[in-house]
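Two complexes, one shared chain (chain A), two partners (chain B, chain C).
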Partner chain A sequence: MDADLFLTWVRSTGLNIAIGIFVLGTLWRLVEIYSLGRKRDLAVPRHRSGASGLHTMFRRSVPPPGMFKRSATSYVAGYVFHIGLFIIVFLFAQHIKLLQELTGLSWPGLPTQFIDATAVVTLATMLLVLAERINKPVKRFLSTFGDYAGWALTFLPVLTGYLASRHLLLPYTAMLALHILSVELLLAFLPFTKLIHVFTLWGSRWYNGNANGHKGVPV
Partner chain B sequence: MNDHDAPIHEKNSHEFPIHETLGDSLAQQGISRRAFLKFCTAMASLMALPPGTATAIAEALVKAKRPSVIWLSFQECTGCTESLTRSYSPTLENMIFNMISLDYHHTLQAASGYGAEKSREDAMKNFFGKYLLVVDGSIPMNNGGVYSTIAGRTNLDLLHEVAKGAAAIIAVGTCASFGGIPNAKPNPTGAVAVSDIIKDKPIINISGCPPIPAVITGVLAHYLTFGGLPELDDLGRPKSFYGETIHDRCYRRPFYDQGKFAKTFDDEGARNGWCLFELGCKGPVTHNACATTKWNGGTSFPIESGHGCLGCSEPHFWDAGSFYSALSMPASPLKYVAGAAVAGAAAGVAVSIGNRIKKGTAKSAHQKATIEDLEK
Partner chain C sequence: MTASLDKGISVLKEMIDAPIASYFSSCVHCGLCAEACLFYTETGDPKYTPIHKLEPLRRVYKQEYTLLGRIGKMLGLSKPVSDAELEEWKPLVYDSCTMCGRCSLVCPVGNDIVYMVRKLREGMAISGHAPEGLIGASTRAVEIGSPMGVKLPAVQAQMRHVKADTGIDIPLDAVGAEYMVLMSSMEIINFPEYLGAIAKIMKQAGKSWTLCSEAFEATNSGIQIGVSDIAKVLVQRIVDGAERLKVKTVISPECGHAYTALRWEGPNLVGQPYPFEVLHILEVLDGFRTQGLLKTQGFEEARLTFHDPCQLVRRGGVFDQPRNLLKMVAKDFVEMDDTGKMNWCCGGGGGVSAIEEAVPLRLEAFKVKKTQLEKTGAKTLVTACANCRIVIEEGMEHYKMSIPVVGVTETLAKHLVEGE
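After this line comes the complex of A and B, so read on.
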């Protein structure tokens, strides 16, 4: 298969399959998770839960006292690469065009040079968090295959996208096709890995905050 | 040396044009040495050869024997020939007819019927192993190749016969190079490229729909000067012309980098000459020399006229989705989303019912432990 056929495949059949698995898997996981329910709590609430759930949704984004000093890399690099991913995925004109085609919504993009710089920063911080995960004994102990797979599935689309746009390593056609393929792998595996947190993040924070409030530990 | 004063070899000029040198032929046409050197310099620069090469080309070309060329037209639209003949630089492009002895070409030859076929057979006999074969159009393979015949013979049959004695084959146009439009899905005639059939001859692909005339001239000049084919890319195209993408050499590239795109063909962006990527331009994945060599005597090229590149010099360009869909957009509409959403929701519900049943079973199987039990 030559590069042009490969590119057409990932732009048609491959994309079809990947988005199919993504939609199927995401709905499956979300319906399953949110229909789990919880045992009826017979105890009287220790504290009126109030807005504890909502507070937690926000407060979990802020390091607890003392934690920032102990794990500054995690917080800074974590923020940087998440914001970087957001900028690359949602503010690159070519990506907006794709999202417009899929959803009908569109918004202005940022210049390529800015996206390029963001990609470099994002790649560097992702490498940093990986190095930290490997180097710090506790993090290494807590890491499973899923953590490394999730990292690779996120890292590859950024890397191939950058290489494609800068015309590095492979001819543009082949690299663009690899970039789209890597995004399709990400889409297909996202629902079945820890990356599902893009959907469950806020819901689970609210749940935990609410439950803690109910038990008398409001935040 | 003053080549245009050289005598014409009258004896050989009719029957055996291969013995006539290009210098003789040019002199006969009244083309000045100045014009000829200009042509050689243009060719050297087009092929990205060092400056001194122009003189070498000139010297080699003047002495070069005009090779016999057999041009076979198969499943094609004659657009490639039209492109060549209607080029607006006759002093440059018409040289193709002075550099070579075109012994067989449907559109351009005066002879017809048996006479035409005889001139092909004569050329094949007289210059066996030395003539150049130019092919435009794809070759149908289905049902024994009956979809395109010449003088009662299939294209496949003819190609095999003529290729046997060819020194090299030049596949002109995307149809001959990669199968082109006849090869587009569902490819009813089973159209294939020359390189799919002939495996034992050097083949050079000059793709494009149509290809740039100067590229054909350049390849011929290279063949006559150096006695071989130029350096080719992985698709068999001369690197000097197909080495870079349209996008890399596009004058609208700065707008792409700034993220300034025309959204429709008549909006402000289009009027300001912004990038046509979002309107489906395939420049980023198309290798050709349009952005530098340009068309119609250097007048412009499609993007300069306000239309995106279709990617016509690439294989399967016809099947790569809409010409008006951006490269980052799906090449075909999404088919499985609705089905996947229903299946996903159903799977979620099924699994949650399973979970509830499990929970219920666990609850009913639960045995309460009493203090007596624990004290046993």
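After this line comes the complex of A and C, so read on.
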């Protein structure tokens, strides 16, 4: 297929399919999960400040006492690549333009050089995360095909985006088309892989914080 | 599929709720929960990673409650959970989990892992995959009235001993008393000082209290083995006793899981809130302290440290009370590293101390407590759970340590102002 045709397809039909699966799939998964409900706790609650679901939604982003030194790489690398992904996805001028077309909302972006540097750091950190998954006994033991697939689905859009932005490896049009395709794969698979945690972790933290907050324990 | 496995799977299906679905969907296999689990940190074996212990429950969730899982099941692509698998998981769900809940505090996506272990045990027990030690304890609790087989005459013998030692009559079945005091079997058999201490403190505080002949035992093997029907019977006994005696408050003893069973699970087991209040003995004593009803004299000279029982602190919310109380009588009170809600388990909670085949692993896991203790340089260890106490004593004996372990209540009673 001709690169221009390919680009046109991923920008129209491909994008529509991917967004369709992403939106419907995510909604389906969230309904599937949260419609199960839970029983009301009949024990009389103990009130203590800081003990609630809402607190835990934020508090859990910080390592609990003693945990950082036990697994420093997990925490540092975790912060770096999540923040890196956020910057690249939401603060790159081209992405903001696309999101504006889709949603009508717009906000200021960061200079391209900064985004490029962030992409390099993010890619390097993700490689480190992969190396840890392969080398650390616990992570290797827990890992399934889904974990490696989830990693690849996240890594490829950053890699192809960086290569396209720097005009490396392939002609720009072809690399851009590959970049958009990789994002579409990420969107389409997200609801059905562990990547759904981007949505469900908020619910999980809330439930945990709420149940323990009932007992007066800020978790 | 055997009938018992069938029952086990349907119980697991019933157990799965929105929190569990959210937790399994959120797990990214980061493995940080392993770093919070003493069975992993002390052995280095990845199979003790907390989230891995839940694999059978996760499979049931996926196959029954997700679209893709159901399609996979219909097409015969997924393997159903089998008896062999549950049996293989028995040492992970019981022997190597004290339900201490430390993993639930560290999971970055917020999964309450111990909540799920508690639920998985329901399916394990009903399908016949619970350890012998816990089956025995639960049977004795239902049939005899206590997991250790203690009957009322043993309690009455204790009452007579206390009377002989202190001159104080222990009230039994006193209708209309303010407090109904419960004990754990361990306190009746191994730590009689508890009852004597209560008698002295209640006398000084001028409070009316009673034991109940039908409900003196606070522990609940039902929640440890994971059979809510048994847990309910045991809680109901206490509810009936408290209602018959028309007490205002039921006091949970120096025992961790009894507090969880009675204070937090109990109303949910019996299906309604209680008509009385449940307090842990440390909450009662700290209340006496703030009201000026607890008068002490003198201090413990030796350096003291406190071991936080998981079910009381991390899982129960009683943090400050033991510290407030110990500071009344301790000159040199030191905290361990990772104290309060981040404390490490003694290794014998959640029924583990009743599982004979788990002893070697439990002693291995005790190394974390040993390290914590040695670092404090404490000469006496105070705790507020008879089970922690006996498990720690056994651990110290194994590692040839000699630090006395005592309860908070008896430590306070030692320092009560005489004649008040």
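Following the convention adopted for this analysis, the second predicted complex is superposed on the first by the 202 of 219 C-alpha atoms of A that agree within 3 Å, B and C clash if a C-alpha of one lies under 4 Å from a C-alpha of the other, contacts with A are read in each partner's own complex, and residues count from 1 in each chain.
Quick note on the criterion: contacts are C-beta pairs under 8 Å (C-beta built on N, C-alpha and C of every residue); 3 or more make two chains touch, one makes a residue touch a chain.
Not measured: the values here are computed from a predicted model.
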item: Simultaneous placement of chain C and chain B on chain A, clash or fit; value: fit
item: Touching partner for A:Thr73 - first (chain B), second (chain C), both, neither; value: neither
item: Superposed arrangement, angle subtended at the Cα centre of chain A by chain B and chain C, nearest 10 degrees; value: 170
item: Chain B versus chain C as contact partner of A:Ile21, first or second or both or neither; value: first
item: Partner chain(s) touched by A:Pro65 [first = chain B, second = chain C, both, neither]; value: second
item: Which of chain B and chain C A:Lys136 touches, first, second, both or neither; value: second
item: Partner chain(s) touched by A:Asn208 [first = chain B, second = chain C, both, neither]; value: second
item: First (chain B), second (chain C), both or neither touched by A:Phe192; value: second
item: Per-residue touch tally on chain A - higher for chain B or for chain C; value: C
item: Which of chain B and chain C A:Asp147 touches, first, second, both or neither; value: second
item: Partner chain(s) touched by A:Ala43 [first = chain B, second = chain C, both, neither]; value: second
item: Lowest C-alpha to C-alpha distance for chain C against chain B (Å); value: 6
item: Chain C-contacting residues of chain A that also contact chain B; value: 28-29, 32, 35-36
item: Chain A residues within the chain C interface of the complex; value: 28-29, 32-39, 41-44, 46, 48, 51, 56-57, 60-61, 63-67, 70-71, 74, 78, 136-144, 147, 150, 192, 194, 196-197, 200-201, 203-209, 211-212, 215-219
item: Interfacial residue positions of chain C with respect to chain A in the complex; value: 16-23, 25-32, 34-36, 40, 44, 46-47, 49, 51-52, 65-68, 104-112, 115, 263-268, 271-273, 277, 314-317, 337-338, 341-342
item: Footprint of chain A on chain B - complex, ascending; value: 235, 245, 247-248, 256-259, 261, 277-278, 284-285, 314-317, 319-321, 325-332, 334-337, 339-341, 343-345, 347-349, 351-352, 355
item: Residues on chain A engaged by chain B in the complex (per definition of touch); value: 2, 4-5, 7-8, 11-13, 15-17, 19-32, 35-36, 93-95, 97-98, 101-102, 109-113, 167, 172-173, 176
